[in-house]
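The following block contains the structure, expressed as structure tokens.
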Amino acid sequence: EAKVALMGGITGPIAGMAPAMIASMKLALDQANAAGLAIGKITYQEFDCGCNPQVATDAATKAVNVFGADAAVGPACSGALLAAVNSVTIPAGVLVVSPSATSPKITDLDDKDLVFRTVPSDDFQGRALARTLLERGVKKVAVAYINNDYGKGLAEAFKAEFEAKGGTITQFRGHEDKKASYRSDLAELAKGGADTLVLFDYGNASGMTILRQAIENGFFKQFVGADGMRDENLIKTLGEANLKHFFVSAPVGEAGAAFEKFAEAARKAGLDPNATFAATSYDAAALVALALEAAKGDKAKLPQALRAVATAPGERIYPGEWEKAKQLLAEGKEIDYKGASGDHEFDAKGDVPGSYAFFKVEGGTYKEVQKMK
Amino acid sequence: MNPVLVMHQVRGGYGDADILHGVSLTVNPKEIVVIVGPNGAGKSTAMKAVFGLVKIRDGAILFEGEEITGWKPDAIVRRGISYVPQVKNVFAEMTVHENLEMGAFLAKSVKAEAFERIYTLFPDLKAKRNALAGSLSGGQRQMVAMGRALMLNPRLLLLDEPTAGLSPKYMEQIFQICRDVRDTGVAILLVEQHAKQALAFCDRGYVLATGSNRHEGAGQELLNDPEIAQMFLGG
Amino acid sequence: MSGKPHSHRCCARDNIAPVVAKRERTMALLELENLVMAFGGFRAVDGVSLKVEPGTITGLIGPNGAGKTTLFNVIAGAYQPTAGRIRFDGEEITRLRTDERFHRGLVRTFQIPHEFPRLTVLENLMVVPPKQPGEQLWANWFTPGEVARTEAEVRQKAIDVLAFLELTHVMNERAGNLSGGQKKLLELGRTMMTNAKLVLLDEPAAGVNRTLLRKLEEKIQILNREWNYTFILIEHDMEMIEKLCDPVICMAEGKVLIEGDFATVRNDPRVLEAYLGETVHPEVEAAIAEIEELEIEEGNA
Amino acid sequence: MDTLGLLNYAIFMGVLIGIYALLSLGLNVQWGYAGLFNAGVAGFFAVGAYLSALFTAPPVPDRIMGWELPTGVGWFAAMAAAALIAWPIGKVTLRFRSDYLAIATIGVAEIIRLVLRTEDLLSGGVRGITGIPRPFGDLPYEWSQLAYLGLTWGMVVVIYWALERQLAAPWGRMMRAIRENELAAAAMGKNVEARRLEAFILGAAIMGLAGAVYVHFMRAITPEAIDPMMVTFLVWIMLILGGSGNNRGAILGAVIIWVIWSSSELLTDRLPAEIATQAKYIRVFVIGLMLQLVLRWRPEGLLPEGTHVRRSS
Amino acid sequence: MSGLELINFYVIPGLISGSIYALGAIGITLIFGILRYAHFAHGDMATLGAYVALGLVGSLALSPWVALPIAMAITALVAVVLDRVFYRHLETRPKILTVMASLGVALMLRSVVQVVWGVDPQVYSTGIVRAESYGGLMLRSRELITFATATGLVLFLMAFLRYTRWGKAMRAMSDNPELARLCGVNNEAVTRLTWVIAGALAAAAGFFLGINTELNTMMGWSALLAMFAAAILGGVGRVEGAVVGGLVIGLVEELSVLVLPSQYKMATAFVILILILLVRPQGIFKGKVL
């Protein structure tokens, strides 16, 4: 008998991603329930954190006090998470695992070891992307980012690493979402003569508009985005033929096998496994369920249990292997969860290092070109 | 001879409260009828009632034998009644000429003579024809309002204090115009505070107080009644 | 009618005022010097110079569009004159704001009453006195005693004014519910809540029932005699002008046509022609000429 | 769902209601007393919240402020800053009819949001500010919440009392006169522009205070907190429903709307997933509809103005 | 930067968003001028129009250009109904209550769109349209059509208002509704006509915004401030003013990127608004100052 709150950004700026994320979380918990864990049925309930601190705090308070959650998956957005954990969950001693809050700020939180995430901090990805580009011979780029914690965090990490390693950044500009035209922005970005545009934005928001307008007007030869730009819909909308020079980086699981297991189950449940943050959401929920099982429902032991099930040493558990995990835990053995989105070896701050790959567009989807370091 | 306008026991008001408590009036063809009474008696309200601008809860209003109670104002204008309200009776942001044009809004085409007729009645307006009505003096506005109402050749004219703020010269003129208009076959119902002068030139008069009829009769008759003079005409 | 005001100081104006007026001819209360108010090319007020003696009721008449209301607007500060100067109580006020003129005792009423509809009648009056300490944001907190004291004074004064105007029974009514005539009285009452020296009345009689108007006239006379208010009064009602005003000024086309006592103005052929609209017959003209001659003789004597 | 949990939630709700009550009172000064249509409540709220946060939060390297001053100083600074921002805005727009003020204040709130998002040096940019201290923050969770509830409602009561006093004084009478008929008020020697500006600034200061109370409760703030929907619009509905021009109405409106808004979420959270997402939007729809119903059937609000007027006269 | 570059990347996009703003601003200026209140639901009405067109494109597989007039008609109808249900009964109350009601309507419209179409950005047609060069001027057909249609609609509207009695009836009603009624003007009909025009043009604005970028449920609300600025800049109540105002705002927004960080692009409309209120509140074409 345990309760888990699912705190998604159901309304607000990332509302578009929320359904897939929530469904993935539910998938994990439903699987766990079907396996019949020793702690009994895990009840869960959705809460909307609206990607807004105020809404999130309200939601968290309800989750903790009214619903009586033992742990929470989410909140989805960094700002919302910071507010909710600071004023509600940390004081109340509730474990929180976020699948999508990527702000580097979360790393430094004084969190009494109660805040974790299955998505790497933007810091890692930005740096990795910088190194990969240099390695591929791209020495001069222009950087455009959406002005929010995601875009900005990535852009700054990228800039620091890229410049430190000898690259040149000709333009470094933020922009707001939802403008009709970005052509003047693009014209400004093009000044300085870089032919690669690094675009930290979302593929279902201004990122798509900018990409489209850049291609339509012949700005830049090559475009590079991060995980936010990895959007299937974008390929459909802009047409694959136009995206020959468009690349994205995105976190991937260490072993392709783990992702495939998740993908299979997801497809069976009618979910798109490649949807943004679907895999991390699944992992976050799965980890919470495993930790609950390991801690035998004792709230105070949850953080410790989470570390135990997520990190080596221990027998490897892949997505969907609930029976096996249950068995091992019942026998008092250590397990090590290998998730759909990575290994989730939490560091001292509750962050995962993450591994990334570089993708190109092919066959209506994103194909891995190379691993990133 | 059928009356032009009959108000029969009209009861009504603006919100829930009644202002008119059973007002009855009759205007016969070719007749000038004047309503006098203290401030707040409901004179203007009675006029608005004819024009469908007041909630009527009881009673009936007939125009040339046809019941028009509850009609929309534009339908009533079309039926042949013109009305000059007591306040806000010009289009302040339109020129004098445009104000007159609006008077003839329902006519298919407006003839130049119609304008000429009004400009002859009020020569002051001709000079000001391109001025915004909002910039006119109080009296000049009153002229515009009258002129607008006369543009369509109505069969019944309702005038709410047409002489308020007009110089004595124009007051006389307005009364004269009323007589002239009446002689062309238009019936006129007007409210006046210049009660003595009005009663002297009208055919019949009504005295209204606190929303009901108090007296009625020929103008001279009312004028000569000392009680009425004391109570309503300023001694 | 409350009897009180009548009993004291009854004959102030009749005996004293003319003397005072003569002696202080140089110290007029209001002095307009060649005032011009132009709208675009059109001169609504076109070089008006006049003096208003303290204690008088000056009647301002003239055809519609003569520029009377515009002149009021300029005096009260609603418009800045194109040219000319205004002196009030020995001080030049041509460039002052409306509220500054108000504070010097120059008060106007509106042709259409401008009451505060959702305030009670009493509150409508209590709002008026200028410089009430309680109107300062902080005074309530730092000098509550003084605030309470002035408030009591203001309230008493408002109650007195209401008694004078015979409005006591509607004291706690919302002002918006008053009838047209009562609003006119309220409008007048507001001028009594401050130390007005000069009150500008714009057509107080228009649309007012004649019976009520007679009362209004009485009030104005009392204010003039016993409160020492000076009035300028725009009106088209000749009865009222005749009863109250001396001198009478007739304007036409932005200029002063004639100034004098009522009879003089009333019978001036130009006034008859432009304003009163009575046909001028030769014999009347002769009669007028005779009267004028007589007056000149009197003046010389 | 145990009683203690519910109680905790009730306390949390109580604090937020208190914060909204402050906003609603501030708006009542502007709209209810002076007839000023401020559609940028969120802007003043944000200024207050950020300023108090910056005064009291610990310093961080790439931000200029972070002074670790006592919370009281922060609250005072919040009020002062909101007032200071209100001054030039009012100066420009109060000359015009309310619609212009509404448009302008929407714009100001938007600019404030953009500045807070963009100027990292000043506001921590899109990542906002964390580590803001809370009075009684070191107590155990429940007690700390309870203490903050007391503090918040203490502020509400103080502001309510002060405003009531002010409204009953000649100041309130003059304000209402100006609202009723500007032209006449000017002719009666009132300096209309200055007085309206005064009300605007006073209201803004109270909104700033609400922001400060909010930020110390949440202990963190990001620009997303300045959502016009969550701040400006909800507050307007509270005031209109409660009864503008009446301070008790303003508070009552805050209570009712927040309870409905918050508990409607408890309901929608229980809906099946397919419609749960939809239900979030339907909730907004319902709030919009509620405003319409109030305007239709009870435009003067639950506690209309005027009861007060009678008492004072 | 060459002149051509300036034109291609700043002026042309500026003119395009300018004409979109103009279409929205016409409705706002008419409602502001005739019915005398600021209509805050106008942006979301544009959103609705854009999504209605999307619905037609999606469900009936119409070409977007065929869907446009139908969407305009439907939105016009919606506008008339909204007025009837939510605004009409407030006619005799202080106008500011109607302004508030329109804020509520804005929320309601938006949530309807969000429930029906979801919150993901959507497009009318997929793929990329590269610009053609007209002697160095880079233009796409959809941009030409946007500009031409906007111009056509505006010219038609202006002719309609000038050469029919409706124009005069609108002015009269805006001036003094009671008196207009007494002149035989059917105020309800004028109001309805105003809403038909405003609704149809708002839908066109939303549609063009959508076809030149993507559709999202906040698109109208984000453009609202710019539309208001355009209406006031041009002079409230002046159709030609709204057009000029819209173009100016569109241009300045784009050009502002030359001197300001582009995060502040959205603020330029507002800055212009404040300046115009300070310097010339009646706007370029001497509209009303309410």
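Lettered A, B, C, D and E in written order, each chain numbered from 1.
The rule is simple: a residue touches a chain if its C-beta (ideal position, glycine included) is under 8 Å from a C-beta of that chain, and two chains touch if they have at least 3 such contacts.
Quick caveat, the model's predicted, so the values are computed rather than measured.
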| item | value |
| --- | --- |
| Contacts common to chain C and chain E (chain labels) | B, D |
| Pair joined by more contacting C-beta pairs (D-E or B-E) | D-E |
| Per Cα centroids, the chain farthest from chain E | C |
| Whole-Å gap separating chain A and chain C, where each centre is the average of the chain's CA atoms | 79 |
| Intercentroid distance (Cα basis), chain D paired with chain C, Å | 47 |
| Centre distance in Å when chain A and chain D are each reduced to the mean of their C-alpha atoms | 34 |
| Distance from chain D to chain B - Cα centre to Cα centre, in angstrom | 52 |
| Multi-partner residues of chain A (each touching 2 or more other chains) | 11, 15, 147, 174, 176 |
| Residues of chain C engaged with two or more neighbouring chains | none |
| Pairwise chain contacts, counting only pairs that touch as defined | A-D, A-E, B-C, B-E, C-D, D-E |
| Chain C contact footprint on chain B (complex, rising order) | 37-40, 86-87, 124, 135-140, 142-143, 161, 164-173, 193, 195-196, 230-235 |
| Complex contacts: residues of chain D adjacent to chain C | 165-166, 169-171, 173-174, 176-177, 180-181, 183-191, 198, 202, 305-306, 309-310, 313 |
| Touching residues (chain side chain E, partner chain D) in the complex | 32, 37-38, 40, 86, 89-90, 93, 95-97, 99-101, 103-108, 110-112, 114-115, 225, 228-229, 232, 261, 263-264, 266-267, 269-270, 273-274, 277-278, 281, 289-290 |
| Chain D-touching residues of chain A, taken from the complex the two chains share | 10-12, 15, 18-19, 22-23, 26, 45-48, 51-55, 57-59, 61-62, 64-68, 77-80, 82-83, 86-87, 91-92, 103, 105, 109-110, 147-149, 152-153, 174, 176 |
| In the complex with chain B, residue positions of chain C that touch it | 39, 61-70, 111-112, 179-182, 203, 206-214, 236, 238, 274-277 |
